[in-house]
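Lettered A, B, C and D in written order, each chain numbered from 1.
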Amino acid sequence: MITLKYFASLKAIADKEEEHLDIENPITIDQLSDIISETAPKMGAMIREKKVLISVNQEMASVETIIHDGDEVAFLPPFSGGTK
Amino acid sequence: MITLKYFASLKAIADKEEEHLDIENPITIDQLSDIISETAPKMGAMIREKKVLISVNQEMASVETIIHDGDEVAFLPPFSGGTK
Amino acid sequence: MSTTTFSKVRIQLEDFSVTDEIEAMKKVSRNIGGITTFLGTGRELSKGENISKLNFEHYPKMAEKKLEEIREKAIKDYGIIDMSIIHRIGPIDIGENIVLIVAAGEHRKETFVACEWAIAELKRTTPIWKRETTSSGEVWVQDTP
Amino acid sequence: MSTTTFSKVRIQLEDFSVTDEIEAMKKVSRNIGGITTFLGTGRELSKGENISKLNFEHYPKMAEKKLEEIREKAIKDYGIIDMSIIHRIGPIDIGENIVLIVAAGEHRKETFVACEWAIAELKRTTPIWKRETTSSGEVWVQDTP
């Protein structure tokens, strides 16, 4: 099982804050975006179009990152902490 | 009458904090250093050798500055306020 | 002052005291000669719109980890003695404190560089998001750093 | 808080509170988004010698005038909203506050630049002198800025 987390503006787009998925084998982020598209097509498209940052187990991920069972994957809009 | 002020390390060299002098006509800083040398020769030498900063009426002075009756002349060692 | 309250890196709902954070920092070393702090506060105007309220959200654990990485890199790369970083989350009014960076060093130069780097790096790498409430409604701010 | 206590430029015997100075600054404008402060503190070591005590002397009126000039030039040249400058005189222990610069602006960049410029300019132009007490005795510090 993997955990998916959506933050800030992405919560409305995914229509959820968190979800859990069972995966049988390690998957790529591209494959994950296909699964997400089934319930949240706009969110899936944003991932494929690289419009969100992705972290895996709290470290920034790249397109090559492979997701394994037990991982926590988070979708992060551009940060705006601190101040200008 | 003019007022002379000595600050920080210069108080020990001039052996005073403040003194008053009567001057008949405007004088140059060079002429003033001669008068000071009469009672505090080391102080007079430091002024001539430009080892101290001088202010006249709380503004930094140059060698050309002429001192007039009523002026406040201060002798200032290098500043060390603030922190490194 | 418990050590929990004054951990050097914190994300918290409550306000903080700049004086208390500086005094905690001074206890680290008797050789501190300069402390540069940056305090971010809620301002009323953003892109010409009047803001009535701010709200910050973070990714728990990851945000704290990023702040700790910034702190450690600042100490190592800029030769400062220590740094603390505190960011508030939740609702914040105009004029209230949002974020504080405290950089302490022997001399002033390195504390300015480290402090300015840290706030820029926080904005770039730390998963914290801001929602602004204006007369047009609530919006998540997504300005690039 | 009387206006006397919170005049923007002060030379005083008493300690000051960084939090109070920042809060006084925030009252100037609801558009302050960043406040950079520099705090100089008494450090124990100087050129390898242990310092037990510091003592600051100033040229009254001229020192205040120079600080006000620095404040006005910082506001004008760097586009910050306001600045306050406080320097203590008299005896100061290790770890105690010596000098505080508070630079408030809409955004952070200009506040860092103005704050760093102001403390360097203070050291260069303001008639304030430091006496250090070490095991070798008391000496006036005459390091060039």
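Observations, loosely collected:
As a working rule, a contact is a pair of C-beta atoms (placed from the backbone, for glycine too) under 8 Å apart; a residue touches a chain by one contact, two chains touch by 3 or more.
Remember, it's a predicted structure, so these values are computed and weren't measured experimentally.
Minimum number of contact steps separating subunit A from subunit D: 1. Compared on C-beta pairs in contact, A-C and B-C come out with A-C as the pair having more. Averaged C-alpha coordinates put the centre of subunit B at 27 Å from the centre of subunit D. Each chain gets one centre point, the mean of its Cα atoms, and the points for subunit A and subunit B are 73 Å apart. Distance from the subunit B centre to the subunit C centre is 49 Å, each centre being the mean of its Cα atoms. Shown for subunit B are the residues that touch two or more other chains, namely 83-84. Across the assembly, subunit D contributes residues 33-34, 40-41, 43, 106, 108, 119 that each touch 2 or more other chains.
If you draw each protein chain as a dot and join the dots that touch, the picture is not a line, a loop, a star, or fully joined; it has some other shape. Chains that are in contact with each other form these pairs: A-C, A-D, B-C, B-D, C-D. Those residues of subunit C lying in contact with subunit B across their complex are 33-34, 106-108.
Against subunit B, in their complex, subunit D makes its touches with residues 40-41, 43, 56-59, 61-63, 65, 87, 98-99, 119-120, 122-131, 140-145. Of all the residues in subunit B, the ones that touch subunit D in their complex are 5, 7-9, 55, 58, 74, 76-84. Looking at the complex, you find that subunit C touches subunit D at residues 17-20, 22, 26, 30-45, 94-95, 106, 108, 111-112, 115-116, 119. The part of subunit A that touches subunit D in the complex is made up of residues 83-84.
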